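The structure under discussion appears below in the form of structure tokens.
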């Protein structure tokens, strides 16, 4: 899973920082949009745009350090895909812990920036079955984007592609497209536009893990299960819009 | 028409998956925008943005497998343009079938994600003559973009250019810019913001085919009718914003 | 002024087609946005986005044919800047005629697409002095962008940069940022959101020409008046976001 | 701090022009959005988008001349980071003076473009403690983006990355994300949507400087404190989305 020469502590710090910043962006832009607009569609346009751009920047800036997962679904699916070169579960556990801790920290920072008392639980239930289907679809798509970019030899497009995916998925799924168990935990700690009631967190996380498996399966069928195909000479350096 | 070393079944699967995902994005984001905003302009901003981004990602991810047509108009115009190297109509038929089946599947998936009973027909008539003119213009422009990118030696820009085109055409034409007979069939199966009554489907498809011919003619006049011009050395590798 | 090996008739056709498409996009998206949204801010968001994307695509697709001016201000400023290699005024006149004819054709096409009787004059006066200041600023900025990209060795970014500029200038100036005498003439032929009363056209065109001169002067002062500086080896091929 | 072979007067002129244009874009788009939309969310969407695009273009066009700081926070943090190669404080002072003068000029130009009497002070207080926290976070993030891009070997992405950052930060912080002491001074001279009361300027500037230090510290911890790491061969030329 090692994606850079950075040491494990530095990589874990990057995962913590990146996940904290991501959740602060999501929660903060949600609070601000909610306070400024009368129209929920406008609120979500602002929240989705800011969240997508923030995620893309964090991937560009921290990808060379830690791989810029910020998401247990990405860490687990990457670990499985690269399991032949794996270095043990210790790194996976460190990543997951940093992601959850970062998500909680980011939610608290956002609350503080808006003059709200940090530490309130969300009161927004998200439990209907069709929401869980939406969340599984959202996560499957995310995994397909991440793995597909590698299969087509364009991993360098991840900042733009993953950002665009999340910005679109917030709209085309019914669930808000959390697609990230760590961020889901963090977002239970804000009683605002982007929150999720703690009682709905386990179901969302389960749907995300099922979606992860579906995404890995779909990538395997589409691109072949033998892992990254040999790249034709020059393919990875192909400029691309 | 072969655009990659992938086998025909794998290419057909890519067309099915891509068209399903595209229609799920269009229909899903339309349902969500409709439920969240009071303003039809805001609804269409969200729907157009999500649809454009989704299409761009699918072209980037599946283009290397199947050419990422997802649209009978693209398959037919590409087949005609490259007819000297064609391998027979069997592949065209397989692509068209996969596209229509995918579009239907995508519409049903979107309905399910939003807790609606899949399988209702749209009740939105789209039959006025000026809408058909708009739809022909939309499709002509799409064909011009696809063929023009090849003529100017920048086919690698297709994900961004085609996405941008559709996002803009949804606004500048009167018809909603379906520009895709398969997606038109799929969108007859949702009684929501992005639907089209089944009775309007044949006229829309006819307008799209006429627009395809107009776009091919315009590309021929603008760039010359001798097909793709010889690329100057290095042109296709030119980085470009 | 020759920017491609295309023949003059083909280049003129490209200017006609591009300007027609540009004005159809501007006017069409304005009509549609006006009919869909209750909020003028939302209308302008949609209209500005569609116009910017359309312009960027047209520059990418037709730039290799004609230089993708679509605008007398660009044609005149390019002619002046490259006057040492000029081939006479005949080409300039052909470009200007094609641009004005295209702009009129594009406005009529947009009206027809929306089921409106083509040929009505706009009733929207735009004559206040501060609007003319806004229009001069908008045009100066456009010329600075076009000439600046060449000075910094990145003319290949024109599709994205010019599109972005127009999308922003529509918002930051008071005048709507026509910045194009041909498009201004075309837009006098639509009694809709993006129109301009014929009586205001001469003042707008004069402000645009003054803005052109200001932009050329500013570019000269900022980058030096000796024309395009020698590019360091490889600079023009530098990939860039 | 020298980032180009341009002479100091030319660089100072670029800083003046760029900061003036930036503030004119911010203030002008704010006035226009305020006059067109009924919804503050829509107003901020338009204002944030135009401001981000304008900033990105100015960085692309003027970066090769002056480094495109337009912001004392950037000038000071760059000066500190590159202090071993510094050429004395004279250049820093010239940059800061040009930035403040440009910001004032840009605000006055925007007022004039909209037919308002230039020179009114803003009446919008921005003094609450949580706003200052938001402003410090916004500035820390800006410094992290600028310095991070260099550490990961992608400084050529600055136009897109810095523009995207500001566009998102306007939403995810509570303070409006001025993140720029010169622009803050300029924005005290407009009694409109994007203004700030003169009495709030010192606290905002102090928060920005604290945020700058936090951002420099965070960059040091994440990337290592030994300054720009040696770039692997070819890294800076890596194409990237």
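Order of writing sets the chain letters: A, B, C and D. Residues in each chain are counted from 1.
Criterion: contacts are C-beta pairs under 8 Å (C-beta built on N, C-alpha and C of every residue); 3 or more make two chains touch, one makes a residue touch a chain.
Everything quoted here is computed from the prediction, not taken from an experiment.
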Chain C reached from chain A - shortest hop count over touching chains: 2
Chain whose Cα centroid lies at the greatest distance from that of chain B: D
Homomeric contact chain B-chain C: same or different residue positions, threshold half: different
Chain B and chain D, separation of their C-alpha mean positions in angstrom: 40
Approximate Å spacing (C-alpha centroids) for the pair chain C, chain D: 28
Per-residue overlap in chain D, given as positions that touch at least 2 other chains: 39, 42, 45, 157, 161, 238-241
Set of all touching chain pairs, with the criterion as stated earlier: A-B, A-D, B-C, C-D
In the complex with chain C, residue positions of chain B that touch it: 39-42, 44-45, 128-130, 133-134, 137, 141, 144-145, 148-149, 152-154, 157, 161, 164-165, 167-168, 171-174, 218, 221-224, 238-241
Contact footprint of chain C on chain D as seen in their complex: 10, 13-14, 17, 21, 24-26, 28-29, 31-33, 36-39, 42-43, 45-47, 49-50, 53-54, 56-57, 60-65, 109-110, 112-115, 156-157, 159-161, 237-241
